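See the structures that follow.
The following pair of complexes shares a single chain, subunit A, combined with subunit B in the former and subunit C in the latter.
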Partner chain A sequence: MAALTFTLKAAPPERLDLSLLVPDKLKDLSAREIERLGIGTTPTGVVVGDLFTVSGTDLTDIRFAGGSDRFDGVGTGLKGASLHVDGDVGAYLGRGMKSGKIVVAGSLTGPYGATAATGGVIRVTGNAADATAASIPGAMAGLAGATLIIEGNAGDLLGDRLRRGVILVQGSVGALAGARMVGGTIISAALGRRAGQGMKRGTLIAGTVEDIEPTFVFSGSYTEAFLPLLRRWVASEAGAGFAALVPQVAQRYRGDMASLGKGEILIG
Partner chain B sequence: MSDHRGTRPKGRESLVETVESAARLIAKARQPAIGGLGTDVDGVRAALALGLKIGAIVDHAATVYERVDLRVLSDSGVMVTTAAEARHRGDLIVLVGPGAVAWAGHASVFDNGGGLYPWRGPRGVLCIGTGGARPAHMAIDGDVAVLGDDLPLDRVIGLLRARLGGRPVAASPEGLDVTAIDAAALQMKAASFGVVVADAHDFDHVAYDSLMALVKALNAETRFTTLAVPAHHHGRGANLVSAWTTGGRLPVGMGRGYPEQDDWRFDLERAVGAGEIDALVWVGALGPELPEWAGKVPTVALIHHGAQECRADVVIEVGVPGITHAGVLTDAIRDGFAHVEPRAPQDLPSVAEVLSLLSAAIKDKAA
Partner chain C sequence: MQDMIVNGVRIDDTFAEAFDMSATGVVITAPTRKWAEIAAKTMTGFATSVIACGCEAAIDCELSPEETPDGRPGFRVLIFGFDAAGLELQLRNRVGQCVLTSPGAACFSGIDGGKRLKLGATLRYFGDGNQIAKKLGRKRYWRVPVMEGEFLIEHDTGMADVAIGGGNVLILGRSQAEVLAAAEAAAEAAMTVPGVILPFPGGIVRSGSKVGSKYAGMFASTNNAFCPNLRGEPGSLLDMDTGSVLELVMDGLSFEAILESMKRALHAACAFGPDKGIQRISAGNYGGNLGRHHFRLRDIV
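Moving on, here comes the complex of A and B:
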């Protein structure tokens, strides 16, 4: 069976909600029915067939040939399938994802990628916008168990209210990484200002942290067995390039003392 | 008024014609938007009704109030009081950030000591992270205490929360002494009824959430609450109308025939910049003026009588609720809705009237 492929025919004239294009929502539909699914967000009533050529039938392997910063909700609630986007996506990539794998050969140009995702792996070859893996307003959790791999840089508020799971960023991260997080791990080359502000539990690991908050308290050098184990796991999940982000020896800061204070920032 | 770019009605007859040209501009749009929303309850209701009909994005100009104040209310919850309670009960007024100082000096909430409760002790004032600003017109017993004038607000609040909870902190790069933090924490704990005053414009949602957590922590030992600087241009009223009409706060998008709430997708400035909006109705009966970014889209502006400059394509002068016609508005001091009689009645259409005409004109085009 060939992969179920959505080939973009023209630039989207409006923001699209592609949350319906996941196996659970498509499994009982014919190709004609899929083409008639509404994906527009204005009264114009844009349907799949207006913008995409649909081919293939394999629901476990979904592909978007072509992307756009107006692709919202790609891979929402994905369970057990593989999804590939050849291009950029907008907001809410992999929102509430349960399991499976998403690869974006491009950048996340909108916020809340991987929000509330409880399982699976998301890999982004480009950059990630502000509030990636962050909680949407009013929600208790951002990323909640999935693994998010970003090969480029990430913006501000990465993992705001992170609940569980691992975020790996090959490049640098903006301000407020891991703000208000209650669990999980963020690993990156560099974190910006106000890293971990308001975090209760969890771990931030970075080569450098800009202007670390005084509510993080130095608690010595860290050479526990955990770091080599983590490095090995990162190498198997994301590759050797990411494994190098995990230091051999780290300076450990406990915090955020403003909040519960049971989190840590490891710098090395 | 010949200096205006757009067409502008010269009487009731020409109002109908102007509304028709506005309707043509909106009817051909893929994604219209209604912004500003500085109007009374009837005006906001009419805007939401029109929005649902044409599938518009609807937002109020007080975006910081929505994205910071109301967001933290839904994220974590907040403790709030009214201005009257704060004035009469508060024996420690904590002004957090420069916006709080400016408001406390200007809004005359604290210009008298409040004499309702004879058992209340003297009123102290603590300025936190106000950047050197001090209240000029507050009735104060004793001196104004100060903490962290040179620190970013989020940092000084974090340090206070840590010391209040008895947890250690590192030396701050600004050289703020831990004993000073402890003294401020002690002063707050010693208050019988503390009131934190804050302006959401001085914060992002993370820092504001932290401030609310500080107040929550203080309630373990004493009574502490907050008083937020009210949203500008009737922002609170507009959001309340949206809450009872659409089920959520602003912004809402109704492109799919039902209201959806989304701070990012329906951020008008962002969406206009990204070319997602192709017609804008700006409602500025109570202000504010048309923003710079509105110049990028065809715009219909409902502006208040007497506004001199407006660059919109179609300009419709409307009355001002409470000035030229009666209206229902939120009273920020009483924190309730109030019917306001006109102070200087004039025969000018209300926002609700114009938007209803606009809605009817669009229906006619579609028929």
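Moving on, here comes the complex of A and C:
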């Protein structure tokens, strides 16, 4: 069985809601019915067939040949399938994902990628926009258990209200990484200002942190067995390049003391 | 029936009778091999018989740093008991008192499949609210602050509910020293099988038992038939020149593993031969009606 492939024919004329193009929503549909699914976000009534050539039938392997910053909601609620995007995507990538794997050979150009995702792995070869893995306004949690791997850089508010799961960023992260987080782990080469502001629990790990908040207290150097355990897991999940982000020896800060104060920032 | 003789040592045409048990396992690591071994040995101390110790436990094998979850030296420990509730209690008490307390030690799941038994799930409370949960993939770990630094423990471990306890080999010989030398070699060989432990001291039992006693309330008592002091009495199974008997007891995760362990023990003991005082190999059973698993010596000669 060939992968179910959506080949982009023309640049989208408007933002697209692609949340219907996941196995659970497509399983009882014929190719013709898939082509008639509405994916537009305005009254013009854009359907799949207007923008994509549909081929293949394997619902466990879905591919988008071509991407766009107007691709919103790709892989929403994905469960147990593999999804590949050859290009950029917009907002809400993998929102509420349960399991499986998403690979974006491009960048996350819109916010809230991986928000509320409880399982599975998302890998992005490019950069990630502001509010990636962050909670949508009013929600209690951002990323909630999935693993998010970003090979480039990430914007501000990465993992705002992160609840569980691991975010790996090979490059640097903007301001307010892990703000208000209640659990989980963010690992990157460098974090920007106001990292971990308001965090209750959870772990930030970085080579450098710009202007660490005064509400974090220094608690000495940290060399416990958790670091090699984490490094080994990261190596198996994301590769040796990401594993190198986990230090052998770290300087540990506890905080945010203006909040619950049971989180930590490990720098090393 | 043809007599079985290996290297001049007679092999009784009998069988070891073994029982269904449940088993669990943990991996214990530490900064050095020395401290990993201390923690593993301490937590498997006083664990020879499930009746009086609550479980039967011992080190299964040593793990290189490449094989352990945190890249440090480690040992895999197996614990055999009757049921999940009993094993969970033993895990809590033994890991709590012997691994949590041991410098640098960390504790991980040692069996993947089966029902999950609580490990860090109960011991995390030692952290008094300062414990940190970390979920990596499907596994959850707890980081518990302790005076030395931090105790790292996995949330739960697996259980094998088709494990077997009670495989055994009896080594009969001329003198205590000669039988002990052969039993040491046999125990060492028997321990090389993965998934098999020999829970008694050094893997060797000197006081094999029979079921029942003349005294009310005793479930087991000395195995008259194999006591050299009781040679000549009706029912003695010893020849007049047999001066000592030692037993090896094996618990294992599968029938095949125990059989292989018994095989290695038997051949290691027989290698000593009559010149070094080893006369006969037998096995302990209760007539075959108590235990579901029978390991026939005929199958391993």
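One rule holds in what follows: the second predicted complex is superposed on the first by the 268 of 268 C-alpha atoms of A that agree within 3 Å, B and C clash if a C-alpha of one lies under 4 Å from a C-alpha of the other, contacts with A are read in each partner's own complex, and residues count from 1 in each chain.
To be clear about the criterion, contacts are C-beta pairs under 8 Å (C-beta built on N, C-alpha and C of every residue); 3 or more make two chains touch, one makes a residue touch a chain.
What you are looking at is a predicted structure, and each value in this text was computed from that prediction instead of being measured.
Engineer: What does the overlay on subunit A give for subunit B and subunit C, a clash or a fit?
Structural biologist: Because the two structures are overlaid on the shared chain, the partners are seen to fit without clashing.
Engineer: Which partner chains sit in contact with A:Glu224 here, subunit B, subunit C, both or neither? Use first/second/both/neither.
Structural biologist: second
Engineer: Could you tell me if A:Arg15 is touching subunit B, subunit C, both of them or neither one (first, second, both, neither)?
Structural biologist: In the superposed model, A:Arg15 contacts subunit B only, not subunit C.
Engineer: Touching A:Gln251, do we find subunit B (first), subunit C (second), both, or neither?
Structural biologist: After superposing on A, A:Gln251 lies clear of both subunit B and subunit C.
Engineer: Report for A:Thr7: first if it touches subunit B alone, second if subunit C alone, otherwise both or neither.
Structural biologist: Neither partner.
Engineer: With both complexes overlaid on chain A, does A:Trp233 touch subunit B (first), subunit C (second), both or neither?
Structural biologist: Only subunit C is touched by A:Trp233; subunit B is not.
Engineer: One more residue to check, A:Thr125. First (subunit B), second (subunit C), both or neither?
Structural biologist: neither
Engineer: With both structures superposed, pick whichever of subunit B and subunit C touches the larger number of subunit A residues.
Structural biologist: Answer, by number of touched residues of subunit A: B.
Engineer: In the superposition on the shared chain, how near does any CA atom of subunit B get to one of subunit C? Answer in angstrom.
Structural biologist: Superposed model gives a least subunit B-subunit C C-alpha distance of 15 Å.
Engineer: Inside the complex, what are the residues of subunit A that reach subunit B?
Structural biologist: 13-15, 38, 40-44, 69-70, 72, 91, 110-112, 131, 135, 137-139, 157, 160-161, 176, 179-180, 194, 197-198, 211, 213-218, 256-259, 261
Engineer: Looking at the complex, which residues from subunit A come into contact with subunit C?
Structural biologist: Interface residues on subunit A, with respect to subunit C: 145, 147, 164-166, 183, 185, 201, 203, 223-226, 228-233, 237, 262, 264.
Engineer: How about subunit C: which of its residues touch subunit A in the complex?
Structural biologist: Going by the criterion above, the answer is residues 29, 69-72, 104, 106, 130, 132-137, 141, 143, 149-150, 152.
Engineer: Could you list, by residue number, the parts of subunit B that touch subunit A in their complex?
Structural biologist: The touching residues are 30-31, 54-55, 67, 71, 74-75, 154-155, 157-159, 161-162, 165, 167-173, 204-207, 209-210, 213, 253, 255-257, 263-265, 274, 276.
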